[in-house]
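The first chain written gets the first letter, and so on, giving A, B, C and D; residue counts start at 1 in each chain.
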Amino acid sequence: MYERMNLIRAFEEACVQLYMEKEIRGSLHPCVGQEATAVGACFAINPDDYMTCTYRGHGACIAKGIDVNAAMAEMLNRKTGISKGKGGSMHWTDPSIGLLGENAIVAGGVPIAAGAAFSAQLDGDGRVALTFFGDGAINQGAFHEALNLAQLWNLPLILLCENNLYAEMTPLAMSNPLKQIADRAKGYNMRSMVVDGNDVCAVYDTVKKAAKFARDGKGPTFIEAHTYRLLGHMIGDSETYRTKEEVAQWRQRDPIKRLAEHLIANEKLSQADLDAIHARVEAKIAGAVKFAKESPYPDPEEVHTDFWL
Amino acid sequence: MYERMNLIRAFEEACVQLYMEKEIRGSLHPCVGQEATAVGACFAINPDDYMTCTYRGHGACIAKGIDVNAAMAEMLNRKTGISKGKGGSMHWTDPSIGLLGENAIVAGGVPIAAGAAFSAQLDGDGRVALTFFGDGAINQGAFHEALNLAQLWNLPLILLCENNLYAEMTPLAMSNPLKQIADRAKGYNMRSMVVDGNDVCAVYDTVKKAAKFARDGKGPTFIEAHTYRLLGHMIGDSETYRTKEEVAQWRQRDPIKRLAEHLIANEKLSQADLDAIHARVEAKIAGAVKFAKESPYPDPEEVHTDFWL
Amino acid sequence: MRELTYTQALREALTEEMERDPNIILLGEDIGNYGGVFRVTEGLIHKFGDKRVKDTPISEAGFVGLSVGMAMTGKRPVAELMFMDFALVCADQIWNQAAKLRSMSGGRVQMPLMIRSQQGGGRGNGAQHSQSFETLFTHLPGFKVVLPATPADAKGLLKSALRDPNPVMFIEHKLLYNTKGDVPEGEHLVPLGKADVKRAGSDLTIVSYSRQLLFALEAAETLQKDHGISAEVVDLRCTVPMDIDTVIASLKKTHRLLITHESHAACGIGAEVAMRVMERAFDELDAPIMRVAGMDLPIHSAKSLEEQVLPQPPAIVAGALKLMKGG
Amino acid sequence: MRELTYTQALREALTEEMERDPNIILLGEDIGNYGGVFRVTEGLIHKFGDKRVKDTPISEAGFVGLSVGMAMTGKRPVAELMFMDFALVCADQIWNQAAKLRSMSGGRVQMPLMIRSQQGGGRGNGAQHSQSFETLFTHLPGFKVVLPATPADAKGLLKSALRDPNPVMFIEHKLLYNTKGDVPEGEHLVPLGKADVKRAGSDLTIVSYSRQLLFALEAAETLQKDHGISAEVVDLRCTVPMDIDTVIASLKKTHRLLITHESHAACGIGAEVAMRVMERAFDELDAPIMRVAGMDLPIHSAKSLEEQVLPQPPAIVAGALKLMKGG
């Protein structure tokens, strides 16, 4: 898990770099600081379980096992990209790892994941569906309709809300009237749990429970994971809505830092072991960037493909 | 209140008759059996308070004080109709009594009422907005977004759910997973109340409380009123989804019958007094039908009016 | 061949295809136990069970969204919108999700999803229950758009659509359900994207589809009887893919073209057909292409007004006469 | 006159009109404290307070629905959709409610409501953040549709739109915000529904609007420089009301017409302009009307693909040359 979290961090930092170099078009929404939620959750379900996430879903996709070369190539809109350069940063999709897509519409992926959960229920194959969304997504109509249906039909669905305290630049208190987001589940008579989203083991255990609950035919679980994005909403965000102090405090709770300390303190790993991991990760990302940059852009004919069958 | 409830009943029964005679086009969704909710609620607020309701809102509109001649003329699509014959049964609208429209889209009127409540809050004129919707409407996205905003912005809004046990032909248990609909308010940290919707006095008291709460600047209230539509969802409904026994039981709880008994038992009214009321009501409806039938259809030129200003 | 109603023809197509393909799952409001307010799905829940015929809450964005997820995971969902007007409460799942996910994923996911609905006016239901949205589905790419006018086409097109690997918007008309016509038994497949000459003629070509096609045929009879004008009537049947070849083939005989549809005129199917014909067969036109379409106004409830907003057969006749004079 | 950016011009119009009309209330995501992700509303919350500049949750159907209720109760709400693509999550409140309530009520309610948004591609945002919806607003009646291409028009049209008693869809373009131009101070009003000849010419007429208008002007320069072809460029500015008179007046000089827009071709503005011109000025056409519009495909992220889907200046030049040869 530690390696995967570092892989995500390194991937996102490389993207920020490439964005500055104007190698990446469109908008970039880094998930730096939220790696524990992504990795803890995805490691707690099976490779063939379904998943949807958001434009901030690079972490979740990498945690679920996406090929980082193809992912990086997609960031650079190359022919070798996971979506052949057609989707870009916000639409990574790879059914071979159960990934039914990031989504650029807030809450857009929630009913879609519920549909995958419904397929799993119909097929009786014991799969579950996991959907990531933010604290701002709970105020969208599609979210509401999906939660009502998921509970009503007892779907094997895990609803993971990454509460990072802001929806773009809007603080929590200005987007909903709840004491805690998990309370929203009460309106659907749905089971909910709250977890420290920067503690990868806690996230893992919580999602494991929810997955078992779902596989046992007991239905959906709503999970609120407290986390924080250490960078702006997107590159270019002036971050006038939060203080440097607040960001600094959360840096203290950096999930990677915390896991590193834990591993050294309790798992008998040495700094050398960690450095070896860091080296592997750096090499992997360097390789991904190289692969992406050396890949060609899509051929002009590609404009018409992958649309009508 | 007794007279107004009878007026609604007589109006709807006249409409059923006219529908059979093919005098009414489109669909007809009678509110027979739900008169207590409409009258109890509308009598508990002021004439200048705002209101929205649904295609089943004839009762609410009549309770709020709509001119029954103009309403009946609208049913017959006459030029003298409340909407000049352009809207028909599902779109009665009359701002002069605060009526911002019935609505043919389930839950469509809920955010609209919230907007009127927001205007009232901005104007600081002490008005409240009342919105009627059904048990099926609570599963629509627009309902969700409106409730979140109403609680978040502390709007002077009364959300009145007429729980008549069915959404068209779909029983409650197949449309939401709640033990009681009022629980949905928990997902917004919103105050809720449950009331016997066939007891006009109980409805009146409950809505009065909610209105005071709103006027005192304490925000919205969600009210679940238990009632029942004694006729089908619309004319033509085969009612295969419910038993004759169930309907018969609810006939026993007919709100008009109950109020009549109450008035005779506790308010010293005689059957003669009630008959006098019935006679007035019959005359009024007969007059409305006559007025409507004698009114002309809209002139052809009217097709272009009331659109662009 | 036996006569069936449009409704029966649709039900037969659904039944046959559901027997053929176990992945077909129907979702919608009151489609199961009640059999659908327009009776199309009557009895299907008893034949196929409540796992394949799902009654849903009033959550169009929810169950259309579920359908998108189902389509990506091996199912062939058929989501019913009771009225086409309700597409507007689930428009994001329709056009931002279902219509785009396959392309945005570079072809990694499949989207064999169908939305079925009925549309149109003529019943005085008012502006929120009388609209026609084929133009929206034609302008925003991603769905094939099918609008059968006859019971035979209803069956044949629905069966084909239920085997099509693309998202399909299958559009019925509320005033066609009770129409009757001969319908072939069993394997009757009408290909998507092929227009059909429903009436042969030589003086002008009238292009239409869905219920308006019946008005076009009625107008053609009047033109023949009262004016000795021979109109060829082409049923477009699908607006995506749009079969312009058949329209141009007809135009080459008649050199005059009238397009009529119930939906609003502005940026409508008529304008698109005209544009494509102009691009490819400008010199075949002896007169400007004539459009007889719905007014750009909400659809009023009163009959006297609704019948002005939605063009009736006499309006088509008048347009045709003008067209014959013109040029 | 001083030079302003398109963004500054919009902000100036909002500021002046909010000072003039206390009923104007802005609602939208991050428009208040943050000043809007595109900076248009920057500083307005400090000038007018948080009662008139409301930051909303991510609930477009909610706050557009609230706007409908506000408009019926004496306010003039201006709801901002951060991206036009999000109109699809509030489509019911836009087209079933705001667009129809006045008509359905027989004129009993007023609907002085504005929706502001920005649209268009060119930034590689992908298919869910690059769409253009003026066609939807033109086909479904109820909104005036305004699409300024220059800073001066942005100010003048926005000021007029904020005084219009009808629902107005005010459409900005994400790639116009940083463009600069002279903008009159104070009371500068541009009427809605009047097209504007942005460049005089004699050989052909090019009709466009919004950012595509700049491409049309660029193409016109190339046509002049490299091919000695003199193109007149007409800025439609509004698609509702649509000023066909100005288009026909130009056509009468040039007898050749090309329409170009970024939005999808099928059932688009180009087809509608062509249809109306054909109805009224068929004989003025020396060649078939040419359309250079967005492909009927989702808008890909990769530049090499996006620039094919969305027509660039060279495509307009090529179309114009073909048009000059043809006919």
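Keep this in mind: a contact is a pair of C-beta atoms (placed from the backbone, for glycine too) under 8 Å apart; a residue touches a chain by one contact, two chains touch by 3 or more.
The shown structure was predicted, so the numbers you read here are calculated from the model rather than taken from an experiment.
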Inset, instruction - Starting at subunit A, figure out the least number of steps needed to reach subunit B through touching chains. - result: 1
Inset, instruction - Mind listing the chains that sit against subunit B and also against subunit C? - result: A, D
Legend entry - Geometric centre distance via CA averages, subunit D-subunit C, whole Å: 30
Inset, instruction - Compute the distance, rounded to whole Å, between the mean C-alpha positions of subunit A and subunit C. - result: 40
Legend entry - Distance between chain centroids, defined by C-alpha means - subunit A, subunit D (Å): 36
Legend entry - In subunit C, residues with contacts to at least two other chains: 57, 59, 61-62, 85-86, 89, 92, 96, 103-104, 126-128, 141-142, 297-298, 300
Legend entry - subunit B: positions in contact with at least two other chains: 83, 85-87, 91, 103, 105, 108, 139-142, 145, 148, 152, 174-176, 307
Inset, instruction - Over in the complex, which subunit A residues touch subunit D? Could you list them? - result: 25-27, 77-78, 83, 85-91, 103-108, 136-137, 139-142, 167-170, 174-176, 240-241, 297-298, 300, 302-304, 307
Inset, instruction - Note which residues of subunit D are touching subunit B in the complex, please. - result: 25, 51, 56-57, 59-75, 77, 89, 92-93, 96-97, 101-110, 141-142, 165-166
Legend entry - Complex contacts: residues of subunit A adjacent to subunit C: 50, 52, 81-87, 91, 93-95, 100-101, 103, 105, 108, 110-120, 122-123, 129, 141-142, 145-146, 148-149, 152, 305-309
Legend entry - subunit D-facing residues of subunit C, complex: 85-89, 91-92, 94-96, 99-100, 103-104, 126-128, 131, 135-136, 138-142, 240, 242, 264, 266-272, 274-275, 278-279, 282, 287-291, 296-298, 300, 327
Legend entry - Contact set on subunit A toward subunit B in their complex: 139-145, 148, 151-152, 174-179, 183-190
